[in-house]
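Labels run A, B, C and D following the written order; every chain starts at residue 1.
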C-alpha cells in the first residue's frame, strides 16, 4: 500500500511510530519528526545554496582565473633524467635558454612538483617506479612526454625492454617530437601546456 | 707480441687445454682453449703473460654452440689479447674468471643474463640489466624481436 | 642511529641518470654499497643485429649521449675492421677532430654536473653555456646538437662547411680562457679542496684489478691512454701529453680532466691546421653499393639480396671521454652484423663502487660518484 | 615625521573608523564602541595585520631579489615573464602551492607533520613583531628585544626536527638531524658575537643599539664579531655553504622532502622570513640600522619614511651578499661544519668579546669606527 504522503526513507526506517500507525488522512510521519528532519536538512541545503552562489559568481569570475593563472605560470618539473633528452632538459635550464624565465624550476622531490617531464626511454624495469613517482605527485599534475622514446619508443621501439610510449603508463598531456628535442622545443612544449591549462580551466 | 709468443708462453703450463692460437687484427692474437682448463688458462695469462687487466667478457650464440670471449690487456706489451672458448649449447657453463680478475664479476653477470652462459662459482650471479626474475635471455638467436603492435591502445575518441 | 639501507635512485639528484645506488649507512657513515643498474637497458646490442651496418650508428649516438661521436668512432672502427674497408686520411682526421671536440664537450658537461653536486651552483650554468658553443660547432657540420649520425662505414657523411676552422679556433680561444676561470672557482676555493682531497681513493693496483680505466686510472698515477699506447685514427701524428695525477682521489680526477681539456684543445689546433692544408675526399672510393645506400638492392621477393661478402670479426678500442671503450663486431657476410658487443668504461668504473665508496660519509657520495662521471646510457646499453 | 609611528598610524586608523561607526549608534552603544580599551585592542590587531602584510610582502620581494640576483651571477636572467620583470612569479608560486594537494604520507605522524611547519612559520613571523625597522616602526617598550629575538630565532631546529621525524622518510630524518646539530653548534658563537655588540652598546634594546651607532657603525670596531655573526647566521639560515640539511645532491630536498602544497610553502616562506630576519639583524647590530653617517647631506635623510627606505636598502644589500656567497661557494660537509663551529667559531667569538671589552675600557672606539665621532 502507498501512504498519502511520501515517507522519507530515513524516517520510515528509523521511527517505529511511522510504521506502526498508518491512519488514513494523517501523515505517516509525525509533524515533529518532519520538522527535525527538515532542520537536519537545512544546514547542508543552505551550505549548498551558498556555495553555488559563490560558485556562480565569485569563484568562476575571480578565484578560478587567479588560481589558473598561478598554476600555469609556476610549473615545477620533476628533476630527473631518464636518457638522452635529460641532457637537453638540463641545457634548457642553462644560461642560453634559462627555463626559469617562465617560472619553471626543477624540484627533486615529487611532492613539490606539478609536472613530470619524461625525458627519455622508459624501460619496463623503471615503469613501476615512474608510476610511483607520478602517484606521489600531488594534484593537479601534468605529464609531458619529451622526445620520441617517451612518445612511442623511438629508435628502441622494437627492443624487448622498452615501453613503447609512456602513455601506456601515465596520462600524457603534451608530446614533444624530436630525438632529442632541442631545448627550444622543450620550452615550447611547456608553453603549450600552459595554453592547455588555460583552455581546460584547470 | 705475436700469436706464436702467446703459444710459446702458454704451451708449457696449460698445453693440455690449449686448442690453438691464431692472429687477430689489432691484438696480440686469439687464444682458443677448452673450457675444462679455463681457470688454469686465466691464471697463466694473467701471471705468466702479464695481462693483468680484463676489459670485456662477452658471449656469442652460434646456434649450434656458444662462445665466450675475454679481452685482456697487458700494460707491458701495450696490447690486447683475446681468449675464447666454445661451449655446447645444451650445457653452456664455464668456470668464472672473477676469482682471477675481479672485474669479470659484472661482465659475467651480464653475459649470463643476455646469452645464458652459466659461470660456475661466480660469487654473485644475479640479474644486472633486466628486472629480477626475468625469464628470457634476449641475446640468444632464438629470441626474436618485433614491432610492439599488440601494445597499441586504440584511442577512445575515434 | 642504527644501520639502514637507503636507496639513492632511480630518481635522485645524485645519480645524473637512471640507476640506483643502494647504500647501507650507520649514521652518516657508509658501510656497504650495491649499485643497481639496468633501468635504461634498451637492448642496443639486440636491435643492432636487426639493422644495417650504417643504421647501427644511429644507436651509437644514443648509447652515450654526452659522447656520441666517440661511440660512433668506436663502432665504425670495428665495423670497418670486420668489413675490410679503409677510410681516406682526411676522414681519419675529421673523426679525430670529432673525438676531441666530443671530449671537450663531455668533460665540460662533467664539470657542470660534478660541481653542482658539491653545491656550487654557478659553474653548472657556466659549463652549460660553454658546452653550447662546442655543440654549435657540431651543429654546423653534422646538423644536430647531440645525436649526430655523422660517421659512416668508409668515411664521414660530409666535409666541413666553409669557415669552420676559423670559427672553431675562436671557440677554442674562448674555452682556453674559461678553463682558467673553472680552476679559480674550484681549486681556488678552500672549501672545494677540503671537500675533495683524499676522497674516493682508488689506488692504481685496485683500478687494474677492477677494470677501471680512463681519467680515474690516470688520476691514480698510471700513465695509460689508448691514444698514445695503441694509437687509432691519427693520434700517432699528433703531439700531446697524457694527463696524469697522483692523488687517486676526487681532486686528482678533477685535475686530470682539466688537463685533458687543455690537451684536447692543443690537439684540436693541430688537427684544424692539418685540415686547412689538406683538402681531399672524406669518404672511401670503393664501397660495396649496399653500404652507400641502405635498402637499395632489393630482390624480386622484396627481400634484401644476400651478399657474398668476406666474413670477418672486428675489434676496436678507443679512449672515450669516460675511459676505454671497446667494440666487437661479428660479420657473417650479410647486411646485418651477426653480433655486436660493446664494453663501456663506466660499466667497469661503477662495478668497482664498493672499493671507493665504503668508509666515507653520505655527503661524500655525490662528489665521488660525480668524479666517476656516470653516463647510464652506455652502462646499460 | 618623528612622531609618526606604526602604532600611532594603526591607532589613528582604528579611532577614525570606530568613531565613524559609533556616530550612527545611540549613546550607550556609542560609549562602548569608543571605549579606550577596545580602541587599544583593535589598534593592536591592526598593528599586527600591518606587520604581517609588510613582512610577507618583503619576504616575497626578497625571494624575487634572490632569484634575479642569482640569475645574474649565473649569466642568465631569472624569472622575467610573469608580471613585470617576474615580480609576480612568487605570487603565482604561492597561489599554486595554496591550491595544491597536501599529501600526508602513510604512517607519517599527523600531529608533527602538520604542526611542525606551522609552528616554524609562526615563530619566524613573531620575530617581525620584535625587530625595529625604523624610529617609527617598532613595537616600543620592550627593553630586551635583542635577547627575545634571538630566543625566538633559536626555536626553529626543534620544529624542523619534529616535522622531519614525523614525515617518516629517511632523507627527511637525516636532514632534520643535520639541521638540529648544525643549528645548536652555531647558536653559541652567534650569541657570543652578539655579546660583543651588547658590551659596546651597553644595552639589549635594539633601538638603543641603533642609536649608539649614530656616530660610528659597529662593523669597524667589531669586524671580527661581524664575521662570526654572518657565518653563524648563514648556518642558522641554512644557506650555502652551510645548507647541509637541504643538501640537494645527497638528501633530495632534505627535511622537506615529503612536504608539498601549502606546508611546503610554509617552509619556503619561513626560510626566507628567517633570511630576512638575519639580514635585518646584521643591519641593526653592525650597519647602523636606519641611521646614516652624519656627513651624509640632510636631503638624503629628511624625506618621508627615509628611515625605512635606508633600512630596506641596507637589508637588501646584506641579503645580496648572502646570495653572492651562495652563487660562489660549494657546500661543506657535516663533520667539517661542526668542527669549524666548535673549534674555530667559538674561540673567534670569544676573542671578539674580549676585543670589545678592551675597546670599551680603553675608550678607543671612535678610533676604530668608520666615521670619527663628532664629539672627538
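Assume a residue touches a chain if its C-beta (ideal position, glycine included) is under 8 Å from a C-beta of that chain, and two chains touch if they have at least 3 such contacts.
Just so you know, these numbers come straight off a predicted model, no measurement behind them.
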Third chains touching both chain C and chain B: A
Pair joined by the larger number of C-beta contacts - A-D, A-B: A-D
Distance between chain centroids, defined by C-alpha means - chain A, chain D (Å): 37
Centre-to-centre distance between chain B and chain A (centres being mean Cα positions), rounded to whole Å: 51
Euclidean distance of C-alpha centroids - chain B vs chain D, Å: 64
Distance from the mean Cα position of chain D to that of chain C, given in whole angstrom: 48
Residue numbers of chain A (touch at least two other chains): 94-95, 108, 125, 158-161
Chain D, residues touching no fewer than two other chains: 74-76, 248, 252
Chain B: positions in contact with at least two other chains: 129-131, 138, 143, 145
Topology of the chain contact graph, where touching chains are joined (line, ring, star, complete, other): other
Every chain pair in contact, whichever chains are involved: A-B, A-C, A-D, B-C, C-D
Touching residues (chain side chain A, partner chain C) in the complex: 78-84, 86-88, 90-91, 93-96, 108, 110, 120-121, 123, 125-126, 129, 133, 155-156, 158-162, 179-180, 182
Chain C - residues contacting chain B, complex: 37-38, 41, 43, 45-47, 50, 81, 208-213, 222, 224, 229-230, 313-317, 324, 326, 328, 330, 338-339, 341, 343, 347-348, 351-352, 380-381
Interface residues, chain C side, partner chain D - complex: 1, 4, 6, 8, 12-14, 28, 115-122, 124-126, 129, 185, 189, 191-192, 194-195, 361-366
In the complex with chain A, residue positions of chain B that touch it: 129-131, 136, 138, 143, 145-148, 151, 153
Residue numbers on chain D that touch chain A, as the complex places them: 67, 71, 74-82, 86, 88-89, 91-96, 98-103, 248, 252-253, 256-261, 264
